[in-house]
């Protein structure tokens, strides 16, 4: 429904050519709690949604949240369907070849989660012969394919992390690698508590895992990039970032 | 057929097509095709797609025959459920059916203790079997309708004559009814196989590695937008061409004149 | 003993209309699906009429081009076509506008979905309508021409009604295909019924309940459509000799 509203807003904005167009912030259409997920009324809620609102307010931009399929979010940016990507997208060299990034707005480690007692250590030795599940088009898919695929029994690729978590609870996969915060939300749920446990963080690999999540922008949009960086800096300075983070997490996730 | 192709306008059009394709190849990013890792993945993907297609068509047709028969002449307690099944399969999207089978049934697993030790576990844990099941049921649902029409269309006089001669019921079915019904659907079977081929990419949504999933992976890792999709389209066009050629050859070999 | 929390969130609660029930979201998704399907079906019909006439009465070049169009669209899976067309159409439109000096416009999700599915439907509609026009008994057209009927009157009073009665079964099938193909748009993130169901199922973890509910909604849609088209076919066949059942 938000897409409808966003489309309606954009259409009316187009009709009055002199009116300022809202900046279209692309988020992933798939739910990714606690960062962004739809509630029963169709509104998007979560830490990232709040941060988007705060950054836009601090940068004095009018923003329209536009859900786009995660698989096609970068082509949507480059073709102009959206103006910014703020969907927990990590800043990696591979992506920097195609798009530009703002400063990071959070950085959390990647962890391996498995059934209790299933996997001993979060490395290639511990994952030998196991079935690993990852979400498509993520840094975790790239990491698992680069580091664990040689020894693992199988790497299954899911459209959303939620589906991977579900199969983990069902026992179809032995382990999954994902963002630690997203997995915390799963492990706090009833299904997660009953089945699984965090094995540990994976070894660092900045080339694949990137340097934190930033806002994706088209190459050459220096003005918009400066605005967003200013917005991020402002909310970090004046405590808005802390206040929002306190609503969701125990400690800061800005990272090193 | 070659004579038809050599008409002037068609030669010009083919030349234009070749020119456009060579532009695509020259200016597009095709470096990913030469990476051995991706080549191996693509071969695996094509193999999976083909085996999925063949297995599900065979299983689906095997199920469609009783479904069609039940709807054509069955008593109400067989015909109604068969009708309901076909209506259910044809009335809901295949994607939804696959999701329901794989994730819906999967969500019941945590509630069943000891399921991981049961003998069914290797089947229940692998997405492949769910894909085969989902696609076969889909084929059965659509072909059940086709078989119903085929069974009804066999001239009634033949069946009556056989019955009058005292041919036992199963022999009548095996020697007269079924072969003629199959004969009637043969022309459309090629088209139905192509339709099934077009349904196979959906299994990538439930983690089966078919050629579409491979193309998605290439797109995700290299961030190239169009080229993998164009390659995917070419692969499907090629497989479709092979299927159509195969069925045309098969049709030419079987006699078409029936009573 | 069954814990109380399990009883509290029964499937019927989850499907309720007001939050925290997701029923309204699912119905909104269904509405979007119907909207996109209607738009795609209508544009597909327009393309189909043009395509059918082109294939029957056009120049040989037009015939060949249309043959390529229908063959390619009918041979490549809709999922792949939707992906290619979604990126290509939005990219092309924006490139064109940029080339002419305008600023980027947003192509709403509904519009892009309708355009993409419309192109796919157009290929099938071309074949259905072409077959229907060919099925009109030529004797009737010859008799009308022999009586001196002008072309327009002939098309309106003879060809069109007869063609409709042949085309309706194929067009009914096409409508059902359109409604089910909207589910594929979930792959590109459009907020239609399958996408809404996935989101609801992901958030509440009640996968079985929501996918089953979505199945029921699609089933209702397809049964209602079938009944409607049966009535349309009866109306289109009025006055024709009824063939043996």
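Should a chain be cited, it is by its letter among A, B and C, assigned in written order, with residues numbered from 1 in that chain.
We adopt the following convention: contacts are C-beta pairs under 8 Å (C-beta built on N, C-alpha and C of every residue); 3 or more make two chains touch, one makes a residue touch a chain.
None of these values were measured; they are calculated from a predicted model.
> Report the chain whose CA-based centre is farthest from the CA-based centre of subunit C.
Result for max centroid distance from subunit C is chain A.
> Please work out which of B-C and A-B is bridged by more C-beta pairs in contact, and write that pair.
If we tally the contacting C-beta pairs, B-C comes out ahead.
> Suppose each chain is reduced to the average of its Cα coordinates; what separation in Å results between subunit A and subunit C?
Averaging C-alpha atoms per chain gives centres 34 Å apart.
> Which integer distance in Å separates the CA centroid of subunit B from that of subunit C?
That gives a centre separation of 21 Å.
> Report the inter-centroid distance (CA atoms only) between subunit A and subunit B in whole Å.
36
> Would you give the residues of subunit A that are in contact with at least 2 other chains, written as numbers and ranges?
Where subunit A meets two or more other chains at a single residue, that happens at 71, 75, 163, 166, 191.
> In subunit C, what residues contact two or more other chains?
Expected reply: 83, 87, 187, 198, 205, 207.
> At least two partner chains per residue is the criterion; list those residues in subunit B.
Residues 103, 106-107, 205, 225 of subunit B touch two or more partner chains.
> Can you name the residues of subunit A that touch subunit B in the complex?
Against subunit B, the touching part of subunit A is residues 71, 74-75, 78, 94-95, 97-98, 133, 136-137, 141-142, 145, 156-159, 163, 166-167, 169-172, 191, 194-195.
> Contact residues on subunit C for subunit B in the complex?
Of all residues in subunit C, those touching subunit B are 60-61, 64-65, 72, 74-81, 83-84, 87-88, 176, 180-181, 183-184, 186-187, 194, 197-198, 201, 205-208, 211-212, 214-215, 218-219, 221-223.
> Could you list, by residue number, the parts of subunit A that touch subunit C in their complex?
Checking each residue of subunit A against subunit C gives 1-4, 7-8, 10-11, 14, 24, 29-31, 33, 37-42, 67-72, 75-76, 79-81, 160, 162-163, 166, 189-191.
> Quick one: in the complex, what on subunit B touches subunit C?
9-10, 13, 87-88, 90-97, 99-100, 103-108, 194, 197-202, 205, 212, 225-226, 229-230, 232-233, 236-237, 240-241
> Please output the residues of subunit C touching subunit A within their complex, sorted ascending.
Counting only subunit C, the residues touching subunit A are 5, 19-22, 24-25, 28, 32, 83, 86-87, 90-91, 94, 104-111, 187-191, 195, 198-200, 202-203, 205, 207.
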